[in-house]
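Shown next, in structure tokens, is the structure this report addresses.
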Amino acid sequence: MTLLVARRLTVSTVLGGMRAPVIRGLDLSLAPGKMLGLVGESGAGKSMIGRAIAQVMPAGFAVTGGLLEFDGRDLVGMPAAARRSLLGRDIAFIPQEPLTALNPVLTVGAQMEEHFSHLGVNTRAERLARAIAALEAVHLRDAADLLARYPHQLSGGMCQRVLIAMAFASRPRLVIADEPTTALDVTIQARIVSLMAELQRRDGTAVLFITHDLRLAGRICDEVAVLYGGSVIEQGPARQVLETPLHPYTRCLQLANPALSGARRGLYALPDQMPGLRALAGMQGCHFAPRCPLAGDECRVRMPDLAGETRRVACWQPDLTAGIGAGPAPPAVGVRTSGVKLVEVRGLGKIFRTGSVFRRRQTRAVIDVDFDIAAGEFVAVVGESGSGKSTLGRLLMGLERPSSGTIRLDGRIVSVPGEAARRHRIRTAQMVFQDPQSALNPRRRVADIITAALEAAGADRATRAMRASALLAEMGLAPEIGGRTPSQLSGGQRQRVNIARAVCLVPKLLVADEIVSGLDVSIQAQLLALLQRLRRDHAFAMLFISHDLSVVRHLCDRVLVMYQGAIVEQGPVEQVFARPLHAYTRSLLAAA
Amino acid sequence: MIAPLRSARVVAGLLIVLLMLVCALGAPWLASHDPDEQDLVAMLLPAVWQQGGDWAHLLGTDGLGRDVASRLLYGARVAMLVAGTASLGAAVVGASLAYVAGYLGGWVDWVIGRAIDVWMSFPPVILSLILMTGLGTGARNVILAIVLVDWTRFCRVLRAEVIVTAHRDYVTAARLSGFSHVRTVLREIVPATVPLLVTVLTLEMGIAVVVEAILSFVGLGVKSSQIAWGQMIADGRDAVYQAPLALLAPVGAIFLAVAGFNLLGDGLRRSLDVRMVEGRE
Amino acid sequence: MVEVSRRHVLQAAAIAPLARGVPVWAAEPDGVTIGWPSDVTSWDPNQRFTPDAHAIMKAVFDQPLDQDAKLKLSPGLITKWDMAADAKSLTLDFRDDVLFHDGSKMTAADFRWTFFERIKAGHKVDIAQSMRKVTDIEVVSPTRAIMRFDSPAPTVPVWLAFLGSFLVPKAYMEKVGVEEFARKPVGTGPYKLVEHQMNARIVLERNEAYWGPKPKMKRVTIEIIKDPSARVAAVQSGQVDITINVPVRELTRLKALPGLATDLTPVTKVILLQVRNDEGFADQNIRLAAHHAIDKKALSAAFYAGAAVPLAVLGVPGSPGYLDDYKFDFDPERARALLAKSGYSMDKPAKIRMASTNGQFPSDYDIARAIVQMWKKVGIEADLEVIEYAKYFELNRGNKLPETTLYTFDNATGDPEIYTGYLLNPKLPFSPWKDMNFGQKVIDQFNVADETARIAGWRALNREASEMGAAMPLLQSVLTVVRKKGLAVVPYGNGWILPQAMAWG
Amino acid sequence: MILWATLGRRLVTAVPILCVVSVLLFTALRVLPVDPAAMSMPPNATKEEIEAARREMGLDRPLPEQYGLWLGRAMRGDFGRSIHHRRDAGALVRETLPGTIELALAAMAVSSVLGLGGGLLLFGLRERTMEPVAETVTTLMMSVPEFLWALLFIFVFGVALQAMPFTGRLDPGMKLPGLTGFLVLDAVLTGRLDILWSALVHLVLPAVALGLAFAPPIMRVLRASLIDTYHEDYIRQARLRGVSEGRILIRHALKNAVLPTLTLMGVQFGFLFGGSLLVEVIYSYPGMGNLMVDAVRNADLPIIQVVGLTYCVVVLVINSVVDGLYLVLNPRLRPR
């Protein structure tokens, strides 16, 4: 018996006059009470499936073929009113961004009441009672008080709990959760996941769990389907897919993820990225073939079908998959550090003053921080959002003025105002920004962006052009990229440009703020490999700000753990991760 | 810069503005009469298509026997002069302050922000009336008054945009690349705000046409010897029954000019993908 | 299309008041609605000389002395006046049957209050200046008072009939204060003020206890409509029954409409250019050229339908000082020749400044602009500036008037002394002509006692003024009235439109 | 309560703004080449009398002292005497202000109804064939400022069709109840339906002319913010919960989209209040605008000063009210 069935489902849009499928011939089935993980990188079409079920699709997208049934009823051809009565009642959704998914001008109570009214609860008293019960079921305290509050008065985790409460309020038969934890802090992610699992078990609800995180899906789902280019390429019981992937792509994804425990190993960096819709539309053969390390001639000509019983895979030669090995061995940690102190931070503090004349407010973002970075050393700063780790990076770069303490860079105090200190600082240290969208001026050509430092120093055009092509080559970017503007680049390419600008004049220190977060695993693996190569070639040090402990473990020598503005623990990565001393470090590790 | 030309609005607006410019610049050649030439026996003549109309006076004559069509053409001169210079002046003052305030922030921003508050508490019509009372009539003073009143429009709109841009990481990156503050602003922030500036500038030109007409209408605009649409309206009002065109023609001219600038500004806003700016916002 | 709409206007005009859900605007048979061009700024009648509001003031208040149809002084509240031989005291007899609107009786004490005590109390009143010589007013009995002067003051009776001379009640004003009085005035006039909404409306109601002839209209509503075209629209649509000072060219059109009548009456007002004797007009050639360049006939034809008589000297035809045999020609050739003599030509024009009011009297601004054009054709370039009427005196006091100003002067008496004697007297605030050679002659002429010699003297001065370019009289002003056909108005030679002189016929 | 606190704070910030405005007004007007003392005297006043008047008016003292003097009197509600009207300037404003406010309120109502209605209509037309037409129409409407509307309305409804009165506030012959100065209110209070009708009829043309000029920006901002709002997650989430489209528009989208619109309306209504001046002049409407234009023409400094200041006060009040409304409608501004 199946609750949700998709047969040869195709969803398309029109691109440049041509029909371009986003989802092609998708086969899926979900049994009542089961949890199916839908895993894929961005562009795989995983969110579109959820949207197709509700028929709430972006303009220009439509189901153009195949079948989509819920409980034996056709979801696509169904009248809107009938579908509306299913939505929220039998089929519920948990969104990706909890903070924006609740209407900001309505109280939590108003929105929950509306929902219960939709569910047919007629008296206000009963609606309120049901709302309180639903909130209590997701372990929210002071539920009655919560009803009177507005979404902005709640934290992201609380909002997500409210949304989960609403989703499960009707005891729906199907819940579609689209990346429900991505926007949340690590420690909260774990709790939300376990809450969902709890409610799912309680109600026997079927859950379609859409995520980019193969490991997460493998841990909590009964079954996992891996998507690539709009179709399922592998499906099977979660543990099996995770442990012994049959499709080369799944295997590569698994190998691209750094491990948090066990032996440090190299990452498998898939080349390029998933082809865009237009490229896919014209492609013959296996969509993964261009990136597949094993692709043979047949792969490039004929598209394999999803075959098999419990383990299904769309590959011509799944038996070869296990042979794909890990990437090159990781560099030995700590070997290259020279012991020469490049950065010395003493008693550093930062207090932000906000508010009007009438209500002054102080936020202590960084409190009395001491640490050193040796030349050539990679030091990670970890902590949840708001822990002060970004502020620390900005202080180091002189983008914020310290409220107290000193920063010594390469032997010279730079935490003082003045042009001389600034010159010294930017000669010594450069920064790679988190969001390449914001970090790259959309009006400038890549070649200009990456040689801006030369331009500022007054270098001539020819020198800059030479440096630009050298940098592009070093970043693994094609020479013609230099003539493009950032909007014409992919996310991975942009981040390379972002890095190229920072290393243009080969600084001694790079400050990198969350530079791989939000990227797909395969791109992340590519960038980590790039950073390691650059380190080998230029021997610079790095302050690597990240919330992702596995990446930190993969890349860095030492780690600073920040909590509420203070460094609560610091030491060599392996040592701290293996034997955390501070309670907060332990909770971080437990959640990861 | 070609992209905007694909917008029908931009093309329509440009055509109208060009027409206005041709009228303004070519008035001495296009006009059939000296616009000041009075003919006290040929007053309030009807337009050519009306009964008793004459080809000599296309749109008839006004209460002093002056040729309405010729005055309309010459009126375009003041209108376009004021529209061009006043809005440029307001843009220069407003944008400079916006860049300074938005980029530097802190107390500079505070002072400029409060100045805007003070200005905004004055309805523009009232403020320009008071200014004109102090400055006296004349096209130069009209321009000055418009600059002094409307710099806030540029400053407010641009300041918000500058703040958004200044918070972009690429601006920080430019500083980290070693650029000075001035070069950073010129290199990274100014280009980002040019589309908005151009859009507001275009819309402001329409506003300047209206303000000039309003001031001339109440007699506090250009000197009485200058020919302006607002004055034509004031004159035409006295004879609205005998020669409605003497009133309707300048009304139509103002509308057309403003519509031209608005269409252009609106089209630019869309094709340059500038955030919403409303005509009088 | 416009032609169609115009025809439509005419048709609609006839039926508009009857058709549609528009409020009915027709007046009651014993009431009248007047469209008036200016507002009463203050109901304290002594406060300011306001020619515009004089007629309205005359409805609410009475003057001690009046003028008859021939503009001679006649009894008003004063029945008899007797100037002492040395002109240092004036004995006045008052009526004993006059009641103020609040029911109190008017006595000589009120006269003393108005013309003496108010001034001494420091009230800001314009009559303080005309009563400057008064040292005291002795109240002999309730109906008799004696004015005493510090020096001979033969003109005081004239001032008692002049602007601003209205009797106000002592008791009431002392009780409520000046501010309150200015809002709720009490007079002795044929009408009481019922309501005044600033810049909008004045409502008067008949004073049933009036001592004089009882007015026909029970209720008078004065709509303040400053804009001439709006006044035209108002009378055309029936919102008002009568209005004045509409552009003359509208009269022809309005006359043709059913139910409307128009009057175009020459009045004692002159339209002239006041000139300076210095700066750009220091040269007599330029002044005379400017005068010769003005085609007064054309101005009259264009703006007053030819009804305004072109003037050669300061005065109106029929007034004693007017010279019927003297002409001042419109002669552009001569103007050019005069300018050439002083070295000016079309290419090298003489530059002067000019001021004009806009809307003070019909077509004033148009006339000014027409004159500027006429001058341009002979080689005089005038920079025209619009001023408010009130600014004229202030500018003149500071000697800041431009070379020439378009001006009207109302001389309700018609006496030459009040034309030339005022307009060209350097000691009075009216004249920008400050040259004492001519000025002294004017001042001396005031002292000529013999009537024949006096008139002859003024006539000579009138001629001299025109010949030397000290005055440029242009036109005799006309009063334009548009009224409903059934409404009769008694015409006054000085242009007053008095509510008490209106009746439905 | 938070609302009152915000309004209170607005008022506290308004005080320095008004001070600066009054200083600016004062100095700007003192630069004028007119002599208020001379203007306040009759034509035949002597130089000595004028000098005395100047001393009495304090015009012989240094400018800061004059300002202090003026401010001290203004605090006590004495704004000097009008030179032209010879009356208390404050009283003149008190008499004319209600008329202007009545006109402005009516125009704001027109502008809001047209703006919000038009915005909804435009939004309803989105991605339809009519959309470009409708948008062009709004652009063209934006090109007609209030004084052109006013002239056109007089021409069409007053002169050509003779359907509407276009001078003053009431029919001739009607007696003003004179309680508050707000004619409509006074008529209702005194139960005079005829006056109420007349006042409303007289209000139509000026209010529509004024309101129409400020409606198109409101339309466009509402449309744009509705479109933005429909891209928000919570709208999709509401759809995913099965909320009907009508309910989504009214309960979810409009409540959010009205916020940016409200901000614009605050600014717009400030401008609208200033725009009433021209409309008053054109319709001979007895209000502060006519008082101001008269004062400007006569260089009546006390009036210009107090009227200018009053315009500022009203704009600040409008802004405060809009801020308050914004606060009521936008819970995000309340503290956590």
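Labels A, B, C and D are assigned to the chains in the order they are written; within every chain, residues are numbered from 1.
Here, a contact is a pair of C-beta atoms (placed from the backbone, for glycine too) under 8 Å apart; a residue touches a chain by one contact, two chains touch by 3 or more.
Model, not experiment: these values are computed from the prediction.
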item: Selected pair, greater C-beta contact count between A-B and B-D; value: B-D
item: Chain B and chain D: spacing of chain centres that average the CA atoms, whole Å; value: 23
item: Mean-CA-position distance for chain B and chain A (Å); value: 49
item: For chain C paired with chain D, centre-to-centre distance based on mean C-alpha positions, whole Å; value: 38
item: Centre-of-Cα separation between chain D and chain A, whole angstrom; value: 52
item: Numbers and ranges of chain D residues touching at least 2 other chains; value: 159, 297, 299
item: Contacts with 2+ other chains: residues of chain B; value: 219, 237, 240-241, 244, 248
item: Inter-chain touch pairs (all); value: A-B, A-D, B-C, B-D, C-D
item: Complex contact set, residues of chain A against chain D; value: 54, 56, 59, 83-89, 92-93, 95, 97, 100-107, 114-115, 118, 150, 152-153, 163, 166, 358
item: List of chain B residues in touch with chain D within their complex; value: 9, 114, 117-118, 120-127, 129-134, 206, 210, 213-214, 217-220, 233, 237, 240-241, 244, 247-248, 251, 254-255, 258-259, 261-263, 266, 276, 278-281
item: Residues of chain C defined as touching chain D within the complex; value: 5, 8-9, 12-13, 16, 20, 22-23, 25, 27-28, 31, 33, 41-42, 44, 47-49, 124, 126, 128-130, 179, 182, 194-195, 197-201, 203, 219, 221, 223-227, 230, 233-234, 237, 239-240, 388, 390-391, 393-394, 397-398, 428-430
item: Residue ranges of chain B touching chain C (in the complex, touch as defined); value: 36-38, 40-41, 43-44, 46-47, 50-51, 63-65, 137, 219, 223-225, 237-242, 244-245, 248
item: Chain B-touching residues of chain C, taken from the complex the two chains share; value: 2-3, 5-6, 9, 227-229, 232, 247, 249-250, 253, 295, 298-299, 301-302, 358, 366, 369-370, 372-373, 376, 383-386
